[in-house]
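Have a look at these structures, which come just after this line.
Two complexes come next, and they have one chain in common, chain A, joined by chain B in the first and chain C in the second.
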Partner chain A sequence: MNYLDYVQMTKGQQIAYNLKKFFTGIPGAIKNLFLVIGAFFGNIFKTIGNGFANYGSRFAKGDIGTKLSYIVMGAGNIFHGQVVKGIIMLALEIGYFYYMAVFGLGQLAKLYCNNVPITDAQGNTIAIANGVVGSVPSTIEYVGILQTPQTKFGDDSSVILLYGVLTILITIAFFALYIGNTKSAYATQEIKAAGKQPKSIVQEIKSLFDERFHITLLSLPVLLLLMFTVLPIIYTVFMAFTNYDKEHQPPKNLFWWVGFKNFADVFYSDPATSRTFGKILVWTIVWAIFATFTNYVAGIILALMINKKGIKLKAMWRTIFVVTAAVPQFVTLLIMNLMLRDNGTLDTMFNTQFHFLSNAMNARITVIVVNLWVGIPYTMLITSGLLMNIPEDLYESARIDGANAVQQFTKITFPYIFFVTTPYLITTFVGNINNFNVIFLLTGGGPNNDTSYSQSGPTDLLVTWLYKLTLNEKDFNLAAVIGIIVFVITAAGSLITFNMSKASKNEEEFS
Partner chain B sequence: MVSKRKRALALVLTGMMAAAALAGCTDGGGSTTTSSSTPAAQNSSAGGSEGSTDAAATTDILSDAMVNDVKDMLASEAKDGKITLKVWCSSSDLQFEKWLKDQFIERYSDSRYELKITPSSVEEPDVSSKLQADVSKGADVFSFPDDQLRTLVDTGCIAQVSSILNENVKKENTDASVEVCSIDGVPYAFPKTSDNGYFLYYDKRVFSDDDIKTFDGIISKANSQNKNVLFAMDNAWYNAGFFFTAGCESSYDGKTQTTDFDSDKGLSAVKAMAHICESAGSGFIGSGGDADVLAGFQNGTIAAAVTGTWNGPGIKEAIGEENVGATKLPTILINGEQQQLCSFGGYKVEGVRANTEFPTAAQVYAYYVTSEQSQLYRYGGANVVKGKDKDGNDKVLSRGFIPTNKAALETEDLKNDEAAIATNEQRPYSKPQSIVGGKFWSPQGNLGGSILAAKGNLSEDEMKTQLKDTVTAFNKASDNS
Partner chain C sequence: MTNTNAAQGGYASKRKAANVAVYIILSVMSVIWIFPIFWLLMQSFRGEKGAIVPYVFPKQWTFSNYTRLFNDPDITEAFPYGKWFLNTLIVAIFSCLISTFIVLMVSYAFSRLRFKSRKTFLNLGLILGMFPGFMSMAATYNIMKAFHIEGTLGALVIVYSAGAGLGYQVAKGYFDTVSRSLDEAAMIDGATRSQIFYKIILPLSKPIIVYTALTTFIGPWTDYIFVSYFMLDDKENYTVAAGLVQLTNATTMYDYFTLFCAGAVLVAIPITILFVIMQKFYVAGVTGGAVKG
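Up next, the complex of A and B:
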């Protein structure tokens, strides 16, 4: 359909056409997403394959130094004149093997132990388990004249799992370094063959502050990212496949691998958990949609009103509305809780029972409305900035063409705002799926009067349920599963919507 | 004196030798783990001291006669001439516990070792989580409410009570308090105070002695005076009493919660709850925490509340000490007859860390701070302990906590203490919290909340569905292993 056909349609037809286009576009968008993901992994495997091919060909073409560097790291560099660099590499190799021999291999071996005795509170063996993380159970000795028991704690599964993950990461890093070492050996061999001298260590260090300055700048952030983001994520993912729950808590108890059982529990095999999961998932999405769009619309309306010509003291109004954002969010929410709870300030003031928070539906509406109070200022600030940026001549020419206020809004203002704020909307949506503060401080997941919710309440989001599972129930494995699910939902959701949005399709173009 | 002391020591030693012999026996049998051999040894030594009942009185190792024996034990355990114990107690108890520690050191210090005990404040609800986080950095001796005992045992953070000491603990303390200190019949803690449970506080100006006998009586009297009675129906700790009154049973073995709540008895409990919830808003408030209780007494909306000694001072301040009455819980209408409302009995207990470096010293100290005399010091009255506050003014260090020790409970002070009497009267109807697991509280609270939200207007089918949901939620349906 071309543009002429489109403008000849009636308003209703246009809306229907757009809706149809949107929904027929979804499968395509999902397909594209998978194509992108597929291409991404395809590239990775291709790179790895090429790497191995090059690895072999370098060995075939290498001289004695290069060949030696396949076993003794840094040998090629030393052989070709880069002595210091070679020695550093050799030291790293020795360090790695020392770490593995003294510590790493032991931790890796303990990740999966068979025939481990499981003991009860008195130290008696009650079962034998396979696939256990850790192998030494706790024992109790009775000492002294009073025969007082003294426990010797065995392995701590959670610590072993953590060190196991760390060792795996270190091994991957070492492997990358090893491949880099063979590359470097061959590169120096070629430089020598060309009759030149490879870079000295001084020149290498200088280059780190010159043409390779990006490596100097990025190495620390990448290292920290690995330590404090990637490592915990991998740790949590592993945890989802164990039985690290209330009954397998350290220091006395070991936990072991159970495969996909926890996922099965959450999705179907445990009726109480899976029913709760379904209910909470639906409410989480309903909440995220309402919380995002009510704030968005209300913020735009407020910004439009303040920005309207003829409104006096614009700065003052803006400041007044921003004050709600200046008060720390948790203070606002706790005060709201005091006001709205049963027999709270409002109930006492009007001498009646409103049940804002003690009835499931009321509580859900209340959190969405209170969230307006906390969230509107942000949208208002962003949109009023945008509004001031829209070129005035657009409106002027629209007025000359006879456009009324509504048309100006739908044709100029809103497309402009929507185009610029789509990424903001996506981040807000994702943020609302994980909006812990509002729910936890206002209702705590309550009201606690629905027996069909297992260890949770009608206003619990996935993330507050996760919190309760970890802190109150100590079911870390279930919490890890839910963490993974939340990650998948938010990552897939934001990728799809962002790929479908105008902002990503026409990055150069605007309006 | 000398002969008594010798007999006591001989007894202890016999126990020890029997234990050693048995332990050696099983070791010879080819078992390599000490863990499997020792429980047998434990039992035998326990049996040994039970056997000679006439001498049992003298095994009180805290008696003056045995001070030197205790010193010998401590000396044999000292490492590099030192014994160091870390003690945790709540911040409000810290000053008293420090005073008590000084008494212990004065009594048992010796030239052979240096005795160092350092109490520090860790709030009681946090004890189990703090110990679990890093058990090796935990206190050797710690004070905690008995509801955490199951967690501490399951995670292995707490040591069993020495069977020799436990003979004394069992004899000296009330049966109920000894029971809450055991899990599956094995003792893990020393009972310390018995007032962590709840009973009825009421305004004597509003209610007569007859009014407070039945729950319905309280509600109708409160309603007629435009006041309310507060009972946290949406809180499992309180509302579970209805089920126990109806004759329901519950048990928890560390993995599975077994209850018969989903039965005709459970249904009658729900009906009794519904009956009371019908009065919600007219004489009855079914939801509220400590702050609501105190605020209610202050502004006059609440004239009676089911709560515990921790709110006692606040209530006394609100309506005047002379107007505060305390008594056991009222009766409720269940299956057409009035029956005494049951409750969870709460105790504060003293535990010893499982992997403490000085197990004997830690257990003796735990036994010392929970002994009759220590419990009386902690309560106050005739044994009141006084110290100085920061500004150097006199300050009562005693905490007013009601003892668990039978002899201490027989003293004049405690016979006349209303809160102590109320706790005592409620005791036969109270259940230990170890009969429920950690997953009990939230679903059971939801059940009460649901009945309250409906103001008791639930059909029998709805009641049955909700009971079924609740009981299902007590357990995860499938189990690992």
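Up next, the complex of A and C:
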């Protein structure tokens, strides 16, 4: 279909055509998504594969130094004249093996212990478990003349799991280094063979500030990310497969591997948890959709009003709303809570009962409305800058062609704003799925009179439920499962919309 | 002639009516938006006790809510507001310094340097960035415990700044707009890439440095989640957000509500000023530099 066919259709046909295009586009978008994900992991494996590629042939072609470097790291570099670099590599190898021998291997072995006696609070063995993280259970000791019972802690499963993950990460890093070492040994050998001198240590350091400056810049940030973002994420994923809950709290109790049981609990096998999960999931998505689009539309309307021709004191209006956005959210939301709660400020002022927060439906509507108060200024702030960017002559020629205000909005203003703010919409949507502040500080997940919710309430989002499970219940395993689910939803959702909006951009010339 | 005049007059009066309607809507909205904040300000000057009163303007004006936060021993014992404020300031300054350095380093590397696996890093950053830090906070807490720094301000600094490497988009977008010919000219003159970074790019990037510093400085003032989980009941180490939430507990609210208002105003003033300063960068950040000037 080309443009001429399109404009000859009636309005209804055009809408039907666009709808059809949208829905037939979804499979394509999902396919694209998998292609993107596939390409992403493909790249990673390719990088790994590249490391191993020629591993054997380098050995075959290597001289004695290169061959030696397959066992003694850095030997090739020392042999070919890069003494300092070689010694550093050798030191790292010795350090790694020392770490593994003294500490790492022991931690790895303790990650999965069989036939471990499980003790109760009195120190009596109540069961024998397999697949336990740690092998020494806590026991009760009777000390002193009075024989006061004292708990003697055994292995701390949480620490063992942590060091286990850390050891795995260190091992991966060591293997990367090891492969790099064989490559470097062979590279220096080739340089030597070409009759040149490999870089001296001074030159190496200099290159770290020039052609290899990115290594200098990125090592510290990457290290911090590995320690405090990647490690916690992997650790959390591992937790999701254990029974690390309120009944198995280290150091008093050991916890052990339970496979996919927590996932099954959340999805179907535990009635209380799975019912709560279903309800909260639906509400989270409903909330995210409403919160995102109400704010977006209302914010654009506000920006249009402020920027309307002939409206004076534009800066003043804008400042009023920006100031309210600038006040920290925990302050404004706590105030809102106080105003809206039962017998709160508004109830006493008007001497009546509004029940803003005391039943489920009202509370849900209230959080969406209050979220308008919180979010409209942001959308206004962003879109009013964009409105000023649209060239005035576009509107002028539209007026000459007889377009009215509504047509000008739907044909010029909105397409432009929508085009530029698509990424913003996606990030707001993801942000709303994870919108902890508005829910937690305004309703706390309440009203808490609905007992069909397990450890949560009708306005709880997945993330606030996760917070409660972590802080109040100490059911870390369930919290981990929910964290994984939220991550999958947000990542998939934003990648799909991102792909779709990219696809629609390619067809932009069409309408 | 008269026809066109009439038409113009009709058009003008229609537009006038529309404008009047817009003024009315804007005024009503402004009142709704300003009211909670105005109310907070009024409550902070209220002399009468109690959390909920059915009027806006205090019957008894006082400044003592502000002074009592700092020098009434009964209050500073249970709710050490001054300590909280100082804690927050310390955490904010350190995490601001560390985060700003990290963000500038990462954005420069991704914007200006071309190296193997750059794309992989960018994609990994995108995916990692979708994972809110507090989802793995139990794990993070255990890691801090392994280092024996759980429940300290240092742990908070680490939590707020260790992930800064993922927040490179805005600054990278800014660096992308700085002309590459500057780099090339400098390189012909024999400058290394590190010299280009701190002698040419950084001096040209003051706005983005200010923006990065301000956003990372504001973060700790408004975070409630990590503080409440990491500090548990250790009130001495709270920051203002977690501390002030404590003040609105049902048990303490009657006595301390006006103090909460005063404390909130003291936090809100600097944060509001900083936010208003950086609003322009904020817009440029989320629209990917679509707004110029």
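FYI, the second predicted complex is superposed on the first by the 491 of 511 C-alpha atoms of A that agree within 3 Å, B and C clash if a C-alpha of one lies under 4 Å from a C-alpha of the other, contacts with A are read in each partner's own complex, and residues count from 1 in each chain.
Simple rule for what comes next: a contact is a pair of C-beta atoms (placed from the backbone, for glycine too) under 8 Å apart; a residue touches a chain by one contact, two chains touch by 3 or more.
Keep in mind that this is a model prediction, so the values were computed, not measured.
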Check your understanding: Overlaying on chain A: chain B and chain C, fit or clash?
Key -> fit
Exercise for review: Using the superposition on chain A described above, determine whether A:320 touches chain B (first), chain C (second), both, or neither.
Suggested key: second
**Study point:** Which superposed partner A:432 touches (first chain B, second chain C, both, neither)
**Key:** neither
Review point. First (chain B), second (chain C), both or neither: which does A:310 touch?
Key: second
Revision key, fill the gap. Of the two partners chain B and chain C, more of chain A gets touched by chain C
Check your understanding: In the superposed arrangement, does A:413 touch chain B (first), chain C (second), both or neither?
Key -> neither
Point to revise | Angle at chain A between chain B and chain C, C-alpha centres, nearest 10 degrees | key: 80
**Study point:** Contacts of A:66 with chain B and chain C, given as first, second, both or neither
**Key:** neither
Review point. Between chain B (first) and chain C (second), which, if any, makes contact with A:359: first, second, both or neither?
Key: first
Check your understanding: What is the contact status of A:389 with respect to chain B (first) and chain C (second): first, second, both, or neither?
Key -> second
Exercise for review: In the overlay, answer first, second, both or neither for which of chain B and chain C A:125 touches.
Suggested key: first
Exercise for review: Could you tell me if A:229 is touching chain B, chain C, both of them or neither one (first, second, both, neither)?
Suggested key: second
**Study point:** Where chain B and chain C come nearest after superposition, their Cα distance in Å
**Key:** 5
Exercise for review: Once the two structures are superposed, pull the chain A residues common to the chain B and chain C interfaces.
Suggested key: 343
Revision key, fill the gap. Listed in rising order, chain C residues that touch chain A in their complex are 15, 18-19, 22-23, 25-26, 29-30, 32-34, 36-37, 39-40, 51-55, 102, 105-106, 108-109, 113, 115, 117-121, 123, 127-128, 130-140, 142-143, 145-146, 158-159, 161-166, 192-194, 197, 221-222, 224-225, 228-229, 241, 244-245, 248, 257, 260, 264, 267-268, 271-272, 274-276, 279-280, 282-283, 286-288, 290-292
Review point. Where on chain A is chain B touching in the complex?
Key: 118-119, 121-125, 127, 129, 138-153, 243, 245-253, 258, 261, 265, 269-273, 342-343, 353, 358-359, 447-457, 472-474
**Study point:** chain B residues touching chain A - in the complex, by the definition given at the top
**Key:** 12-13, 15-16, 19, 23, 33-36, 38-39, 41-42, 45, 73, 76-77, 132, 135-136, 151, 153-157, 159-160, 162-165, 183-184, 186, 234, 254-255, 281, 285, 287-288, 292, 352, 354-356, 359-360, 362-364, 438-439, 442-443, 445-450, 452-453, 465-466, 469-470, 472-473, 476-478, 480-481
Practice item. Going by the contact rule at the top, pick out the chain A residues touching chain C in the complex. Key: 40, 43-44, 47, 158-159, 162-163, 206, 209-214, 216-218, 220-222, 224-225, 227-233, 235-236, 239, 302, 305-306, 308, 310-311, 317, 319-332, 334-339, 343-345, 348-349, 351, 373, 377, 381-382, 385-386, 389, 420-421, 423-424, 427, 430, 434, 436-437, 440-441, 463, 466-467, 470-471, 476, 479-480, 483, 486-487, 490-491, 494
